[in-house]
Amino acid sequence: MKRLLITGAAGALGRVMRERLAPMATILRLSDIAPIGAARKNEEIVQCDLADAKAVHALVEDCDGIVHLGGVSVERKFSQIVAGNIVGLYNLYEAARAHRMPRIVFASSNHTIGFYPQTERLSVDHPYRPDGLYGVSKCFGESLAQMYHEKFGQETALVRIGSCVAEPVNHRMLSTWFSYDDFVSLIEAVFRAPKLGCPVIWGASNNDAGWWDNSAAGFLGWKPKDNAEIFRSKIEAACERPGPDDSAARWQGGLFTQDPIFPEDE
Amino acid sequence: MKRLLITGAAGALGRVMRERLAPMATILRLSDIAPIGAARKNEEIVQCDLADAKAVHALVEDCDGIVHLGGVSVERKFSQIVAGNIVGLYNLYEAARAHRMPRIVFASSNHTIGFYPQTERLSVDHPYRPDGLYGVSKCFGESLAQMYHEKFGQETALVRIGSCVAEPVNHRMLSTWFSYDDFVSLIEAVFRAPKLGCPVIWGASNNDAGWWDNSAAGFLGWKPKDNAEIFRSKIEAACERPGPDDSAARWQGGLFTQDPIFPEDE
Amino acid sequence: MKRLLITGAAGALGRVMRERLAPMATILRLSDIAPIGAARKNEEIVQCDLADAKAVHALVEDCDGIVHLGGVSVERKFSQIVAGNIVGLYNLYEAARAHRMPRIVFASSNHTIGFYPQTERLSVDHPYRPDGLYGVSKCFGESLAQMYHEKFGQETALVRIGSCVAEPVNHRMLSTWFSYDDFVSLIEAVFRAPKLGCPVIWGASNNDAGWWDNSAAGFLGWKPKDNAEIFRSKIEAACERPGPDDSAARWQGGLFTQDPIFPEDE
Amino acid sequence: MKRLLITGAAGALGRVMRERLAPMATILRLSDIAPIGAARKNEEIVQCDLADAKAVHALVEDCDGIVHLGGVSVERKFSQIVAGNIVGLYNLYEAARAHRMPRIVFASSNHTIGFYPQTERLSVDHPYRPDGLYGVSKCFGESLAQMYHEKFGQETALVRIGSCVAEPVNHRMLSTWFSYDDFVSLIEAVFRAPKLGCPVIWGASNNDAGWWDNSAAGFLGWKPKDNAEIFRSKIEAACERPGPDDSAARWQGGLFTQDPIFPEDE
Amino acid sequence: MKRLLITGAAGALGRVMRERLAPMATILRLSDIAPIGAARKNEEIVQCDLADAKAVHALVEDCDGIVHLGGVSVERKFSQIVAGNIVGLYNLYEAARAHRMPRIVFASSNHTIGFYPQTERLSVDHPYRPDGLYGVSKCFGESLAQMYHEKFGQETALVRIGSCVAEPVNHRMLSTWFSYDDFVSLIEAVFRAPKLGCPVIWGASNNDAGWWDNSAAGFLGWKPKDNAEIFRSKIEAACERPGPDDSAARWQGGLFTQDPIFPEDE
Amino acid sequence: MKRLLITGAAGALGRVMRERLAPMATILRLSDIAPIGAARKNEEIVQCDLADAKAVHALVEDCDGIVHLGGVSVERKFSQIVAGNIVGLYNLYEAARAHRMPRIVFASSNHTIGFYPQTERLSVDHPYRPDGLYGVSKCFGESLAQMYHEKFGQETALVRIGSCVAEPVNHRMLSTWFSYDDFVSLIEAVFRAPKLGCPVIWGASNNDAGWWDNSAAGFLGWKPKDNAEIFRSKIEAACERPGPDDSAARWQGGLFTQDPIFPEDE
């Protein structure tokens, strides 16, 4: 690939991917609404508000692939979510449509289905049960991508990220952990596949305690290799085990199910 | 019911419901962004932009039920859809949450699933396949309502309206027609049910040629009575039959699947 | 049919069936643990405790069909349930096995699935969710009958009775009502079918507000004809509508879900 | 329709359809391997062996629709089945492909699924369970039609005929009867539909005792109106009821499940 | 865990678990109707008939977890099954309800589904098909536990044990074997899980020839490690292969499907 | 096994199996319509046209197992397919029925389902979607075998072979590859199983990029061990990656979906 765009490149996950995806393309174009710092060799830095349609068109031009980590990634007041995850996503897809429809890896979220109990195993076809406004905005994003696929042929991997962190740090992450290595190998598989379509993919490692059946993504030839189970004793030692009626143990979305709606005027 | 709010009351369907729902409540509160005309006896008229949060809070206060027909109901440029169907819907649900959570009938749409072929029968659990930005905004609306239900207890009937017109006027409407009588009887059933939850309901009459399995809504005790089939010979006489590869015959969303994305600057 | 046995013939439903089923057989043999009164013409009266194996063998001998309404039909202390619905049922099936395996109509119950929400539509294959010890004993009965079918060829109709009363008298019964006429026509269909097997059948009329999909029993050629809906306005006038969080509106088993476990020493 | 071809027109069902379908087209072209008799007004008679590719090409030319009743319709020795139902069907589809692909109503059969028990309800997606070589040849026919649909766009209605006779004459036909009226109205619906595709349709009337869920064909707007149940008492009076272990009561294919393989040299 | 109760501790499996579960709790309380022998250090021995309600209440008091292996574990006369598996189970659950509802591992059985063919793969939601009175009593037990979960919040792991023996000794056990190690690791997972609920879990090792899909229990983070396949050549050498029509090869319940009903007076 | 018949033994796969299956039987009987060469020790060579019923009866006599690789294995003119795959298969099953019904491994094909997209995961119960006449003939073969199983008890393994070659040589084969080792171990499992029935088995190795869920065949205790993924970089280096709209990337049947119908007179 010649030029790969990473949005949200100043965020925690973006900074990791900036390192890890560098070998996949001749040029990494890195974008965020926040400052990213100086460009390294083979990098292009573009500070850009996703809500600015023109800026996004310029951002996407000449890219051969997009890893879209940008926008809001936790519960926020709704105006922020609209700007980043709704208008921003529309801008991204319109820009992609105008510029040869490069494949997109879309960072969707387990919070699209956060109100399923942890005792239930999910396929990719279970109806949405979002756990907050953020989760609702990710349902919107999946629907938008699906529509651009059916109507225009745009291909997207809808990656419902669990907990993409260096290592799991609480009981729930024994089920939701998504190692950096596994995310990177997934992105490679997405960009190398002859045909992608617009599949939902569970962004989780091969965790013994996982909740999500990823067999529908098998056609990509991607197999997550890591397993949160190796961190169990460390977590048991470090964290109090939640009770069976705690949100942290009850719902797949965990504590997000308890977040309030953040008022606009705060 | 003491006070029933109808949003979108100046629109085609809103004007019909203004007449038909009057017997259901002591007071009809009617709202639209466009002028509605003078209040009749037992009516309150409120001109209101759904994108205006404060106005929507005032609108919803003291209402005992809401029939939400407002917002954009066809493909439009995205900024309009965001204002009416995304920010507007959020405002409505926040207002409802602040004011004793009256039950809501939400006018969702068959365009949430418009890219299914007409030869396929759908249950309420089939994944979304929206056919345009409008359809995507209705997917968003259903997800938002579902989240307010699971998180806060707000009850909503998600009515995926087919073609709610006086009578069917083309071949596709033999499958999608939703008579005014059947919509009215559904609204009555929704407000009289001891328990509503947040069900998806296909807004269609009992059409011989229907595509949608409404058995999941059976618990409401609502049965549509009308049948578009009685208009078949009239339609055959008046309309040219579409070919098997025409969008009008191929997709459940019909010609909406061909709508372009409307640019912002037009 | 020459001789039809009705157990539980002194109970409310048994007394009705004594009248209604008389035309189906030359002789009705009527049994109960309580006194039944004098035999009419073409009747045989047998007072019998189902927990008495020898008495049950004598009871079943020479019968050509059995309508088993006997045993406990509401929540009771467990020792009573064991005697009537567990040991009693075993005795009945052993007696049937010893005496040419006459077909059995087994009065099972909606309380085998009472903890499903009223907003959910059920097929006959949904797993059990009993709402009390009585419901558990009916799950036991269905399993026992199924085993006698697979192991020995005994045929049984497992009729999960909703509310078999003269007319529905509360909101829940708009969904669960089973008219006497419909129960009688079902019993006729069971005994006339060339092949019965051991099907689960929802014992409910053709109620608009019904929760249960009876299509799996279609092969019997039985169609319930009555519809509780005609009693809706009478019920709305007579009963307060339950709130959405009341057990009466929430669970298919209604108020049985609130019954305590009755202690043995009361 | 200008010209409608009926194959198998000299057979029992063909003779009925010759009468009943005449109003559907300006010209009926009638074909059979056996003599059909003289052409009436608006008829063309073509004696034709389906195994003769050239003759079949000539037969199909200029037709606007095909009702394919030809070939073998009961268990026969395999060479006859190959000639009529396998080579003959291939010839018909090749001829249709060469001549503008007129829509085809293909007389498939319940014997494609004859080894399902009568106590089981079937959708159109249940896997095949044919009950003899004839049934296997109809499975072949459905697969061939499906392939011509996906590969070339040929549309076919795969009508799995139950028992298409003047009235039901045994217990099994209470479930399988397909009235002439209902078959005619289905054929009308097939030819008037804007989009047909290649659906499996159960060729059965609206029998109370039916086994087959026809909802997948609902998009055609066709509803069978007749009901074998009205003949039940006549059948009960005229026929001995089969025992529960008789093939006539056990399998959907009835006595066909007992047919032997007919040897070639008889 | 402070005190773990093992019932059925004098049985074959109980004796193994007495050894293996000792590290899981400060005190093992061991119970059986038969003599168990002397208490070792950190053990409490309670001889107890499960049919004795008062004794069971005393047994359960102060326990923090229960591994319930007690009751009848093969086909027996029904009075024994009632005492041990029906009244005994009720007593156990009532005692648990009275004493802070410690988690229960319930030894259910593959004989709840013994009449499924060995060629069929089962999920936990397949309907029961018990193969004898013992199997029926385990269906009862699962229903009872489910009811206590929904009604009172009691958590239970319903472990449908296959063949929990030191090593597999016939062809059927290549599919059903449950190694001691795997059972122990399952029990550990059950007691450490933040949330258990009331799941059905297939009590089988990771056998290549297994019949049961255990993915629904994945949330526990338990993975069986052993595989009966390593014993295949030993079994092939030692046992005659059963024929395809033998119960040992035909039914998942194997030879239990052939057990008679044991009469009471033997 | 005393005598194992391999049909199609002169073909590419047949020649491999001649080597690999030799240890499974005392005598290999090898058959083909083409010359096979001289018999080795412990071999019997029979040149035989499958369309010749008498010859096939002689061929099958005294065999204890059959690996049926014979007939046409790619798209051909229909008369050839009829001779080899339809009449030939009937002859084989009639011969087997006459001669103690030895188990059959039937080489079915992925081209029975070739028109499913590569992005869809299939179970063995997905309806057929054949991609040509060859694929249709394999659907026929599966139906025929199923009928002989249900009607006469003949057992067959319906192995839908993907790409059984020495190693994968294009992108599609990363999903479809079936190593010789895995095919051999499957054949061993089929002949050693106490009960076979008539299962569909996906003939594919344990490929990371596989499309087919083989869990229904788990009861055989067979686990494919090879994985095409190890050849990915070699394939990426040697082959151009197909575009997302190429048949090679779009359909499970790959380029077969583009084959024409071959005319008879070529």
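Every chain is named by a letter (A, B, C, D, E and F) in the order it is written, and numbering of its residues begins at 1.
The rule is simple: a residue touches a chain if its C-beta (ideal position, glycine included) is under 8 Å from a C-beta of that chain, and two chains touch if they have at least 3 such contacts.
Remember, it's a predicted structure, so these values are computed and weren't measured experimentally.
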item: Any chain in contact with subunit B as well as subunit E; value: A, C
item: Chain centre separation in whole Å, for subunit D relative to subunit B (CA means); value: 42
item: Subunit B and subunit F, separation of their C-alpha mean positions in angstrom; value: 53
item: Distance from subunit F to subunit D - Cα centre to Cα centre, in angstrom; value: 31
item: Interchain contacts (touch definition) - all pairs; value: A-B, A-E, A-F, B-C, B-D, C-D, C-E, D-F, E-F
item: Residue ranges of subunit D in contact with subunit B within the complex; value: 155, 192, 194-197, 199, 215-216, 218-223
item: Subunit B residues touching subunit A - in the complex, by the definition given at the top; value: 53, 78, 82, 86-87, 90, 94, 97, 112, 115, 125, 127-133, 135-136, 139-140, 143-144, 146-147, 150-151, 257, 261, 264
item: Subunit D residues within the subunit C interface of the complex; value: 117-121, 171, 174-175, 207-211, 213, 229, 232, 236, 241-244, 246, 248-250
